[in-house]
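Dropping a structure here in C-alpha cells format, bear with me for questions.
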Amino acid sequence: MHDRQALDAIYAHVQPLLGQGRVADYIPELAHVPREQFGMAIVKLDGEVLQVGAAEQRFSIQSISKLFALVLALQSEGEALWQRVGREPSGTPFNSLVQLEAEGGKPRNPFINAGALVVTDVLCSRFATPENALVGLMRRLSGNAALDYNLKVAQSERRHSDRNAAMAHFIASFGRLANPVDRVLDAYCSQCSIEMNCVELARAALLLAQHGSVPHSGERLLTPSLAKRISALMLTCGTYDAAGDFAFRVGLPAKSGVGGGIVALIPGRCGICVWSPGLDETGNSLAGTAALEMFTTLTERSIF
Amino acid sequence: MHDRQALDAIYAHVQPLLGQGRVADYIPELAHVPREQFGMAIVKLDGEVLQVGAAEQRFSIQSISKLFALVLALQSEGEALWQRVGREPSGTPFNSLVQLEAEGGKPRNPFINAGALVVTDVLCSRFATPENALVGLMRRLSGNAALDYNLKVAQSERRHSDRNAAMAHFIASFGRLANPVDRVLDAYCSQCSIEMNCVELARAALLLAQHGSVPHSGERLLTPSLAKRISALMLTCGTYDAAGDFAFRVGLPAKSGVGGGIVALIPGRCGICVWSPGLDETGNSLAGTAALEMFTTLTERSIF
Amino acid sequence: MHDRQALDAIYAHVQPLLGQGRVADYIPELAHVPREQFGMAIVKLDGEVLQVGAAEQRFSIQSISKLFALVLALQSEGEALWQRVGREPSGTPFNSLVQLEAEGGKPRNPFINAGALVVTDVLCSRFATPENALVGLMRRLSGNAALDYNLKVAQSERRHSDRNAAMAHFIASFGRLANPVDRVLDAYCSQCSIEMNCVELARAALLLAQHGSVPHSGERLLTPSLAKRISALMLTCGTYDAAGDFAFRVGLPAKSGVGGGIVALIPGRCGICVWSPGLDETGNSLAGTAALEMFTTLTERSIF
Amino acid sequence: MHDRQALDAIYAHVQPLLGQGRVADYIPELAHVPREQFGMAIVKLDGEVLQVGAAEQRFSIQSISKLFALVLALQSEGEALWQRVGREPSGTPFNSLVQLEAEGGKPRNPFINAGALVVTDVLCSRFATPENALVGLMRRLSGNAALDYNLKVAQSERRHSDRNAAMAHFIASFGRLANPVDRVLDAYCSQCSIEMNCVELARAALLLAQHGSVPHSGERLLTPSLAKRISALMLTCGTYDAAGDFAFRVGLPAKSGVGGGIVALIPGRCGICVWSPGLDETGNSLAGTAALEMFTTLTERSIF
C-alpha cells in the first residue's frame, strides 16, 4: 500500500482508540491536553510531506528531546560520551534506581531519565544555556525559526521533579555529575517543554533517515556510522520499557514522549511522527503505537 | 565494498584477535576446542555461498538453538506463546533470577535461558522427542540430512546444569511448567549440543531473511509478519546482555552461542554466520562480533 | 502477673482470633488441620509445666526444625559453619533469590529456607540419615522417645518442593552444596514433618534457656556462649521477614513454623511454645504471636 | 567478672586494635580525628560511673542521634509513627534504594538513613528548630547543659549530602515528605553533628535501661513498653547491616555512629558507651565492637 493510502486507512482505524489511554497528569499543563486528538506526518528525503489529522498542532515533546539532546552531546563529545552513559536496554521500570545503584551511578542508556540527566550535564558543561542550544538545533532541523520551549510547562515540571532530583543527586553521589544538580534539572525541564508539531518532528527525524545530514540544507551533523548507531539505540531503548515489544510490533527506530508524541524513521527513506495524548500503561501513546504498527503492516516497510 | 572483498578484508583483520577471549569451560567438551579458529559464511537468497576460513568446520551451536526452537514453538502455538514468555530485553545478567522473582516466573524473552526453558517445555508438550524435532528442522533448513546433536556434549551439559535446574524449578514453582523439570532439561541440553558449521547456519538463517519461507524449497514456515518479528527480537534480545551494544556496533539481527557461533541476517538479502570460540566478557564470540561489525562498516549494509 | 494467671488471661483473650488467619495450604496434610485450635505451654528450668488449651496435641513443627538442625550442625562444625551460611536478617521475602544471587550463593542466615538447606547439607555429610539424627535430638530434648517424623507429610512436602529445589540447585551452581540436591531435599522435608506438641517443644527450648545444657539430664550440648548466640539469632532472624516487628512486639527469642507453632524462651527462666494453625500474612501464627505479645506485656518479662 | 575488672581487661586487650580500621573520611572534619583513641564508660541506674581511656573526650555522635531523634518523634507521634517508617532490618547496604523503590518510599526502619530522614521530617513539622529540640533532649538526658551541635561539621556534612538528598527526594516523590527536602537535610546534618563523650552518652542510655524514665530526675519520657520496644529495635536494626552479627557476638541493644561511638545498654542495669574512631567494613567502630563483645563475654551479662 502507498504511504498516502496507509495514512488514510490508519486515520480511520485509530478513531475508536482516541478516547482510550490515560493522559500524563503529573503536571497540570499536560493533564489538561484533550485526549481525543490525533495527528500523523511523514516527510520524505526529497521534502514531500504527507499528513493526516492534527499534524500541525503543537505539543510538548517531552522525552523526544532526549534524542536530540543526545545528538548535541555526541557532536561535542564523540564516543567519549559512552564512558558516562551506557547503551543497553534498562529492563523493568522497577529497576531504575536499582541499576544505578548496582552499576556505580552509570545510567544504562541516554533515553532513560537517569541517562538523559547525564547527557544534559554534558550539555551544561558545553553551553551557557543548553536549553537554547537544543532549541537552536530543533529550529535548524525543522526549518521553523519560531519554535521554542514553554516556560510555564518547564517551571511546572521543575516543581514536580523529586524523582529526577533523586536520580541526579544519586548520580552526583558517585562523583558522576559535573554541574550542580539544580542547574541540570533546570535545563532538563526546559528541554522537555519544547513544543513542536508532527510535521516539524518528522522533518527533524530526517537527520537520521538521511544518515547524518540535514536534507533541506545538506549540512552534515553526524557521520553516517554515528547516525545509524543512534537509530539502533532508538530501536533497543527508545520507547521506555516497552522497547522489545515496540520493536516486535512496529519494527522501526523510534523515540516516544509522555506528551503523546512518537518520532520514528525508515532509514534512507523518511521521517515519521505521530501524536495522540492518551498513553498506554508503558507510557507510550496508545493510538500512536497502534498507528505505527498499522503503518509497517500496511506498507510492509519495517527495517526487518 | 562487495561481500567477497569484505570477507577477505575481515579475515585479514581478525587474525590478531584469534588468540584472545576465553573459551567456554563449564564442560570439558567445549573447553578443549582450540581458540584460534575462525570461519565465516554468507548465503544469499539465490543460494550463492561466500565463505572464508573454517566455514565448514562443525561446532556446538549452543544458544543459537534457542532461535530455531522459538521458530518451532511459534509454529505450533502462534501468538499464544507470548503468554508464557515475554519479549523484552532482560537487563543485566545479575537480574536473571531477580526478574523471574519480580515477574511471577514469566521469563522476559525466549533467548535468555529461563525463556528458552519455557520454549522447550512447550516443545516437550508438542513432540515426543523435541530434540529430534529441532534436529529435523535444522536438517530441512540447512539442506544437510546428516547433522545431529552430540550425545556426549548433551550428557556433559546435563551434568553441569544446576543453574538451569534452579531456573526450571523456580518457574515450575509458579505453576508455569507443564512437563517434569528433568525432561525439560534433557531436551534443552540435547538441543544445545547440535553441531553445525557456518555455511549450514547461514543457510538456515535465510528462513528469516526470506521472511518465512525456505529459499531452496519454497516451503513457507512462518508468515512474513512473524518472520520479521522474530528478527526484531533477535536485534533487541539475541546477544545476551550485550544486545544494545551489539545493535549499536553491528546493526543486524543476530543470535549468538557460547560455542562461539553467531548467526545473523540482512532482511531480503542473505544469511550470515561467523564462528570463533574465544568469547568476550559478555559471552559473545570476540572475533565474531568484530567480524560482523567490520562487515556492516565495509559494506555499509546494516538495517539502519 | 504470674505465669499461670497470664496463661489463663491469654486463653480468654485469643478466643476471638481463633477463626482468623490462613492455614498453610501448599500441601493437603497441612491444609486440613482445623484452624480454630490453640495450645500453649511453659516449662520452667526446674521442670514445672504450665499449660493451657491443646498443649498436648501434636502438630507439624515445620520450620521450627531449622532451630534444632542448627544446633546439630553447630555441634559438629563449630564456628566453621558460618563460612557456609551468614547470620544477618534477610530483608524482604522478595529478596530471597535476589540475595543468594547478589551474595554468591551464601544464604543470609540458617533460618531462611536457603540457609536451612545448607545446614541440612552439612548434616547429610555428617550423618547417614540426618532426619533420624534430628529426631534423636528432639527425643532427648523433649524426653519423649516416641516422637517421630511423619512420612506422609514428608513425601507430600517433597512433591511440592520446586521452590526449595530451585534454591538448592542455585546454591549448588555456586559450588556450595556437598551432597546431591535430591538427598538434601529428602532430608529437609523429613525434618520439617516431625510432629511434636507444645509441652515437648517448650521443654526442648530449655536447652537454650539453660544456656546449653539439658535440664532434666544435665547433659551439656553447647557452650553457654554458643547457646546465647543461637538465642540472639532467633531474635534477629527467627520469624521470617517479621523478625523486627516480632522483636518489637514480643521481645523474646523465637522460631516459628508454618504448621502454626512458635517456640520461644526467656533466658535463665523457661521455654515456651504456642500453637495455633491460622497464620498472618508473614507466615507466623496469628493467635500465637498475639499470645506471646500478651505474655510479655502481662508478665513484664521480655528480655529488654 | 566485675564491671571494673572487665573495663580494665578490655582496655588492655583493645590496644593492638587501635591502629586498625578506617576513619570516616567523607568530610574533612571526621577524617582528621586521630584513629588511635579509645574510651569507654558504664553508668549504672544508681548513677555510679565507671570509665576507662578517653571517656570524657567529645566526639561527633553522628547516627547515634537517630536513636534519640526517634525518642522525640515517638513522644510526639506515638504509634502513628510506624505508618511512616517500618521496623524491620534492611538487609544489605546494596538494597537501600532498592527497598525504598520496592516498598513505595517507606523506609524499613528509623535507624537507616532513609528512615532517619523521615523521623527528621516529623520533627520538622513539630518543632521550629528540630536540631535544638534534640540538643535540648541530650542536655536533659546527659545532665550537661553545655553540649551542642558543631556548626562547622553540620555545614560540611550538608555539602556532602548527595546520597541523603537522593533518598529524601525519592521519598518526597512518593508524597511521603511533609517539609522541603532542604529543610529536612539541614536539620538532619545538624543532629548528626552533636558532640558528646562516652560518659554523657552512657548516661543518656539510662533512659532505656530504666524503661523510660530519666534516672537522675525521675521524669518519665516513655512508657515502659515503648522503652523496651525501642531497645528491641536497637538490637535488630541498630548497627547498620551488621545487626545480626552484632547481636550474635555482643547480645546487647546498641546504636552506632560513623564517628566511632557505640551506645548500648543492659536493661534494668546500666547504660554503656564506647568510642574509637577506626571503623570496620560495616561502618561500626572496630575496637568498640570488640570491646563490647569482650564485655558481655567477661561479665556473662548479655540479654540472652
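Observations on the structure shown:
The letters A, B, C and D name the chains in turn, as written, and every chain counts its residues from 1.
The rule is simple: a residue touches a chain if its C-beta (ideal position, glycine included) is under 8 Å from a C-beta of that chain, and two chains touch if they have at least 3 such contacts.
These figures come from a predicted structure and were not determined experimentally.
Between subunit B and subunit D, the least number of touching-chain steps is 2.
Homomeric contact subunit B/subunit C is classed as same-residue, with over half of its interface positions used by both copies. A straight line joining the Cα centres of subunit C and subunit D is 32 Å long.
With each centre defined as the average position of its C-alpha atoms, the distance from subunit A to subunit D rounds to 47 Å. Shown for subunit C are the residues that touch two or more other chains, namely 94, 102. Touching subunit C in their complex are the following residues of subunit B: 94, 96-98, 100-102, 162-163, 165-170, 172-173, 181.
In the complex of the two chains, the subunit C residues touching subunit D come out as 86-92, 94-95, 99, 102-103, 108-109, 224-225, 228-229, 231-233, 235-237, 241-245, 247-249, 251, 253, 267, 297, 300, 302-304.
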